[in-house]
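So that we are looking at the same thing, I have put the structure below in C-alpha cells.
Note that the chains are named A, B and C in the order they appear, and that numbering of residues resets to 1 at the start of each chain.
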Amino acid sequence: MIRDITIGQYYPANSVIHRLDPRVKLLGTIVFVVTVFFVNDLMGLALATVALAAVIGLSKVPLKYMLKGLKAIFILMIFTVLLNIFLTPGTELVHLGFLKITKEGLVLAGKTAIRLIYLIVGSTIMTLTTTPNHLTDGLEKALGPLKKIHFPVHELAMTMSIALRFIPILMEETDKIMKAQQARCADFESGNLIQRMKSLIPILVPLFISAIRRANDLAMAMEARCYHGGVGRTKMKPLVYALRDYLAYLLILVYILIWTGVKVWL
Amino acid sequence: MGIRLEHVNYIYSPDNAFRKQALRDVNLEIQDGEFIGLIGHTGSGKSTLIQHLNGLLRATSGQIYYNEQNIYDDKYRMIDLRSQVGLVFQYPEHQLFEMTVLKDVCYGPKNLGLDDDAAVERAKEALAMVGMTEKDYSKSPFELSGGQKRRVAIAGVLAMHPQVIVLDEPTAGLDPKGRNDILNQISALHRQTGITIILVSHSMEDVAKYVDRIIVMNRGEVFMDDTPKEIFRQSEALERVGLAAPQVTYVMRQLHKIFPELPEDVTTVEEAKEALLHCLEADK
Amino acid sequence: MGIIKAAKLFYDYVSKDEHDEIEEVIHAVSGVDLDVEAGQFIAILGHNGSGKSTLAKQMNALLVPTGGTLWVKEMDTSQPENVWNVRQTAGMVFQNPDNQIIASLVEEDVGFGPENLGVPTEDIWKRVNQGLKSVGMLEYSHHSPNRLSGGQKQRVAIAGVMAMEPECIVLDEPTAMLDPNGRKEVIETVRQLNQEKKVTVILITHYMDEVVHADKVYVMDDGKIVLSGTPRQVFSQVEYLKQLRLDVPQVTELAYELRQSGVDVPEGILTIEELVESLERFKSR
C-alpha cells in the first residue's frame, strides 16, 4: 500500500500542463479546491467535472496512475461516507437495527465522496505535473512579498522541495524496515490499540535514525556544492510568464465567473 | 526435507502500468545443511526470491514447501516459517532499534513468545556465535562500529534458532577485513551447527571460496544451478548475464594455454597456487 | 606547490560528557603530509575508521583542520573567506547515492551547484549539459533520480560536481554501496574525466582493484599515511596490507604466494597479463 501513494510524486511527460508556470497551477488548484468545497448543486459539480476532465486530458498523465493515489485514502473515504450515510438525520429509507439510512444521508455521502476524490485528484495533478523544485520556485516567488517582513520564504521553499524528494525514498525505507522486523517475527496486526502502537516502535526508531542520517548527509552534500542560502543564487529555470500562462489565468477567471454566475443565478 | 519451490511466479503491480514479472517459473530444491550462493546482477530477482522463502512475499502462482508442508495452506502459521527460515536483509544494522545490544537481539525470540530468561539466553548464545562479547551486551547498538552493528543484526536473526538462514549481501559496504570476518563466521556457523545457509553475493571470489552450490538468477529465472566449478567453467554464459568468474579463474585459463597440464576450472587462489607449484615442479 | 597540499595535518574529534569535560579525543587525522600534482589520479586506501573520510572532508573545507595546514590551489582551507572557492575548486562526491541528490529531476540536480555559485541562467544550462555529457548521462536529463541505478545516480552526482567546473574531484568511497557493474561504471567515468578533462582525481576506497591504474596510492591507518607509492610498490607489500585490514586483487595474491614458495616472479604483479608473461618463460626450459 505504501508504494501506492502518489501525492508529491512527479510524473514526467511533455504536456501543456507540465509547461505551465507553477504559479498558475498553484492558483488554479486553490481555485478548484475552493469551488469543489462549496459545490452543492449538479450544475456546479458538472462544471468542476468538466474542468477537471479537461486538465487531466491535457496533462497526459494516465488516469489510472492518478487514481492510484486514491487508494491510500480509501479507508478514510469509506469511513467518512459511512458516517454520513448513517448519521445524517432525515427521511428514513432503510432501518438496520439501531442504524438507519436516510435519503439525505445518501446524498450527503455521495457529495462528500465526490468532493474528497476531486480534492485529492485536483491537487495530485499539480504535484504530478510540476517538479518539486519548480513547485517550490513558484511558491517562493508567489510568497516573495513576505520576505519584506523577514518571513523565511526561501528556506521554507527549499525545505519543502527536499521533503518532497525524500518522500518516496523514506516510503521505500519504511517498507524495508517493516519487512526486516517481520522477518524477526514481528506482528503488527494483532493485539489491542496500545499493543499495536508499541509494535510500531521497532519501525519508527530505525526510520527516525535513518531520516536523521540522511538529513546529515544531505546537508553536507549541499554545503559541498556551495549552498549558502538564497542570497546570490541564480535560477536554472527562472519563472517567466509565457502567453500560455496568461491564457491559463484567463481560463481560471472564466471558470470563477461561470461558477459564481451559476451560484448566484440558480 | 528442506525447501522446495514449484513453478513459482511473482508479478509486481500485476494490474497497472508498472507491472513487472520478477520471478518466472522458479523450481528449486534446497536440502538441509546446504551452503548455497545465490548470484545474479541487480534486478535479476534474487531479492524477490529470498523474500518468498520466509513468506514475506506471496507467489502470484506456484507452490512453496517447507519440510514438505505447503506454506500457502490456510492452516500454515507464517510465524513458524519465519522462525525457521531466518532472513537477514541488506544493511541489516538499519533495523536495530533497542537501547542495548542484548535487548535488540531478544526482540525475535520474544516475538516467538519466549519468556525473558529464555530470550536472554538465546540472545547471549547468538551474540557469541557472531563473536560479540559480554562487555558489548549493555552497549547501545548505535555506538558500535559498522561491522559490529552488522553482526548484532545477524545475531538478532540467529537468536530465533532458524534451520535455514538467508543473508542478502551481508558484506556490503564493509572493508576487506570486516568482510572476511563476517564470511568466516558464517562459514564456521555452517560447520558447527549444520544449518542451511543461502548467501546472496555480488562477489564471485567470496562465493567461490565458501559455498558448495551456486544458483544463478537472470531476468527472474534460474539461469544455472550447479557446483562452483561447473558454474565458473561457463564464464562466457555468466558474462552474457552481466556476471563473471573470479579473477583467478581467468588467470588459470590463460595459463592453461601455455601449460596444457594445468586444470582450467580453478576457482580459488589456494587451488591455483597448488596446481601451479605442482606444474612448475614437474616442468623442471 | 601542488593543487592539494597538506602539512602536518591533524583533525581531532572531541567527545565531551554532560559536564562539558573532555571525555575522549580521537585523532582521526594525525600528522598527514601530502602533495598532489594537478592532473594526477590519486587513490587513498584504508579500512573503515582509518581516517580517510575525515581527510577527504578537509579537502572540501567541510571540516577545518584542528592542527597543521591544508591548501587547495594555494588557498588555506582554514580561512573562512576561502571556503566557497575551495569547494568550487575541489568538488566532492559522497558514498550514498541517494543522500546527495537534491532535486527530483536529473538536470535540476546538476544545476544546483551552478545556481549556488550565481552563474547566469544560460550558462547554467550549458554547464548542466556539458556535465551530463561528460559522464554519459545526457539522455537521462529529464529522468527522476529515483528510477536510476546506483551507478547512474553516482554519475549524476559526479556531473553535479563537474557543472561547478572544479579542477579537482574528491570521491569519498563512491562505489561502496554499488554492485560490481555500477562500480565499474563509476570508476571508468572517473578515469575518463581524469584523462580527457585533466581533472585531478582523489579516489577514496577500500576496493583494491579500483586503484590499479592510479598514479599514486596512499594507504592510511590510524589517521596516518603508512604506505605510499605507485600501485606496484604498494601492492608488493601483501603481508603488510593484510595487517592493515586490506586485501589485494587475486592475481597479486597468487603471484605473491608463488613468490613465497620460491617461484621467481616479480613483486607487485597487478594484471593477469603480467603474471602470465612472467610465468611463460618457465615453459621454454
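Worth pointing out:
The rule is simple: contacts are C-beta pairs under 8 Å (C-beta built on N, C-alpha and C of every residue); 3 or more make two chains touch, one makes a residue touch a chain.
It should be emphasised that the depicted structure is a prediction, and the values quoted were computed from it without experimental measurement.
Distance from the centre of chain C peaks at A, each centre being the average of the chain's Cα atoms.
Contact tally for A-B versus A-C: the pair with more C-beta pairs in contact is A-C. Between the CA-based centres of chain B and chain C the separation comes to 30 Å, rounded to the whole angstrom. Inter-chain spacing, taken between the CA centroids of chain A and chain C, is 41 Å. Interface of chain A with chain C (complex): residues 10, 12, 131-133, 161-162, 164-165, 168-169, 213-214, 217-218, 220-228, 232-238. Every residue of chain C that touches chain B in the complex is listed here, in rising order: 47-49, 149-150, 176-177, 179-182, 206, 208, 245-247, 249-251, 253-254, 257-258, 261, 263, 272, 275-276, 279-280, 282-283, 285.
In the complex of the two chains, the chain B residues touching chain A come out as 13, 16-17, 51, 54, 56, 79, 82-83, 86-89, 92, 94-97, 107-108, 111-112, 142, 156-157, 160.
Within the complex formed with chain C, the chain B residues making contact are 41-42, 145-147, 172-178, 180, 202-203, 205, 242, 244, 246-248, 250-251, 254-255, 258-259, 269, 272-273, 276-277, 280, 283-284. The part of chain A that touches chain B in the complex is made up of residues 3, 62, 64-65, 68, 173, 176-177, 179-187, 201-202, 205-206, 209-210.
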